[in-house]
């Protein structure tokens, strides 16, 4: 497979396409390349964490972790492991030069005050207008847990979602309106999936790229009206 | 003159008396001795600042200054003077071992969150129920300025006022209701004056000590009902 | 009033049944394990506990929950792969849960320490977690009214204390310590090291001693008890 | 985006007429005098200025006021023995004043940086400064509703910056710098020293670089320009 070689996400013209669906790592590589140089970014637990493997040093990206750090480095290994230095997923990580530590209220002030350029989150569902559902299945016997998801969804300047487009049962996770309990209203700006990249917002859904399908094939999978992205 | 030699303000029985009115320094000495060991204290600009001259090292008092410091030491002199180390009155001060610095929101959180044991403030007027007026004369051409007065009045566990009992014109500053714009409602717990120490609160005014006058003579000067302090 | 105390047992001895207890830590980092063990030993029950999680594995807060000492958890993320004691109590209806978005949890704790009576935040607006709460539009955004979380006691872990009770922390173990210290009536701190007054640079102090009541040194080196593998 | 800039003139060149400008400092400590002088030179006018005071003597903010560039002051303590330029403009009705208790000023600036839409505080309740404001009883106390103060630009002074824009301050010169840096869309910092990335201990950083946009080194040693006598 191949990924379009645009340097900047903001200089794309209409729809792009590749011949096959994207794997998780290819998708992570694509998200990484779409992050503007110099950005401050929070990567959610799970699939979004993969993005950190593909950030290039020359992008000069600073990673934030909600438990009180800017300048987080890669996962720690061997002698680097330090129980006092972990990420939001409680995995030991490392510290890059220029890092800083702060307490939880200051850390969430960074998120809630609109200072993060991008957060990348997983999702159960995203609606056509950018509502996010990623914290609760709504199952009656589920023990609810929210963590920092609502703060990130509401606070970051841009919220990118990474997910497979379809559930295991083949149902679209991009929906007209979320049936799962929502995390935030109208907060998602882009949805990266194995089959396409979608731009969401108040005006509905645009398709920036497709992977292994045409726009028409994609439309057949997704219950919301799609259109090719405006040249930008 | 002499000052009663109680070690603790809380172990006084009824009214105390001395033969002459107290001067500013004697009053400051009295306030200093009434501060419980280990207290965290903020001393307002002007007369209250004198109190710091009479705090004994064994009292282990920590002074807070609103511009971002705990553990403030005495006024700086000569080579000690450092423009980056000043108090709320913008006077150069010194730093004691165990001091700490913090930003303005953290400094006012200490005041507003109820963490200071005592603040000592000057006043234009105090009401029988402890309303404080100390920031504005109410004169129509006055340029208003409030600083941290309202935060201290509202936030400290105990607010002590130091003032002369009477204006230059012989009018009592202890009043039924403040005619000047107030700083805070029902916040003052003690009023230290040249003629008496008053305890104020929702139940009215008690007199703990008189200086150079009897309770009856004091009552003649003050337009609010006075009674001798309950044994405490 | 600041006291230096010899044992964790004496440090927690005054905690009463029915207290609201804040416990620092995020994951294992900054968890005051020895103080939590002492709380378990001291027998206090009917507790409301404020922590980011609801216990993990068979240690610390998880044991306190298992033993039925916790009537209510206020936390953001109770459900973890090894939160089986909480899960069991919750499914049995034997523990109350107040689930709070993590940023609201931190900000509500901070509000308590800072004397704020309540605040509006966009976090949670339009979600299940705002149901029944006051909302209004401010700065063009839907916002939810949240109130401070006060506590009787905070149990936290720091790296070093000086003779005035000033504290510094270590890396991401700082997390909830500073805000819980300010929000509780009585703050108990376990530290790895106590240095004389003047032994900490005034510029680097994170928690001023005014927020600290009891300090007990716990021998383990910093990060040692939390070391993974 | 962070930029290191050679001169204070270039640093403030983008400030537009009508901007809200926060200026750090309490008294002379932490006042970014050189940036204020540059703002005077750059000609921007119709400004709303947020500072604890309203200028002193014949320098800095006082000159900006004298020259008629400030349409409104938001501050806690405008009246000082040497605030004659503000006094004159105020009495002439040529400058607007929003007088804010100092703790509300600090908390409102902090709220802007932290994404809080508004908060209730006991400070000012029942006073002239709460007239016309929403009030309610919370925790048994009368409280006043206060809203965040956002700014287009903050001009602050720090001691040292590293290559990532992380900042440390010096003694009581810290004051408003950290909260203003977070509350402004664009934060311009004058520092005494710039060190390479990694030259500041991550544990002691007060303002993380995420809050900083422009850094300019001003040659004077720390505390030098403010030294009294």
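To keep things simple, chains are lettered A, B, C and D as they appear, and every chain counts its residues starting from 1.
Keep this in mind: a contact is a pair of C-beta atoms (placed from the backbone, for glycine too) under 8 Å apart; a residue touches a chain by one contact, two chains touch by 3 or more.
Just so it is clear, the model here is predicted, and its values are computed rather than measured.
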Per the C-alpha means, the centres of chain B and chain D lie apart by a whole-Å value of 30
If you average the Cα atoms of chain A and of chain B to get two centres, how far apart are those centres in Å?
56
Centroid of chain C to centroid of chain D, CA atoms only: how many Å?
33
Can you pull out the residues of chain A that are in contact with at least two other chains?
69, 95, 101-102, 105, 108-109, 111-112, 155
For chain D, what residues touch not just one other chain but two or more?
107, 114-116, 121-122, 169-171, 202-203
Can the chain contact pattern be summarised as a line, a ring, a star, a complete graph, or none of these (other)?
other
Using the touch rule from the top of the page, what pairs of chains touch, sorted by label?
A-C, A-D, B-C, B-D, C-D
In the complex, chain B residues that touch chain C:
38, 40, 62, 64, 69-71, 95, 97-102, 105, 108-116, 155
Okay, in this complex, where on chain C does chain A touch?
26-30, 76-80, 86-87, 90-91, 97, 99-104, 106-107, 109-110, 121-129, 142, 169-179, 206, 222-229
For the complex, give me every residue of chain C touching chain D.
107, 111, 114-122, 136, 138-139, 141, 143, 147-148, 168-171, 201-204
Inside the complex, what are the residues of chain D that reach chain A?
1-2, 112-116, 162-164, 166, 182, 197-198, 200, 202-203, 205, 208-211
Applying the document's contact rule, which stretches of chain A touch chain C when the two form their complex?
65-69, 81-86, 90, 92, 95, 101-105, 107-109, 111-112, 136, 141-151, 154-155, 181-185
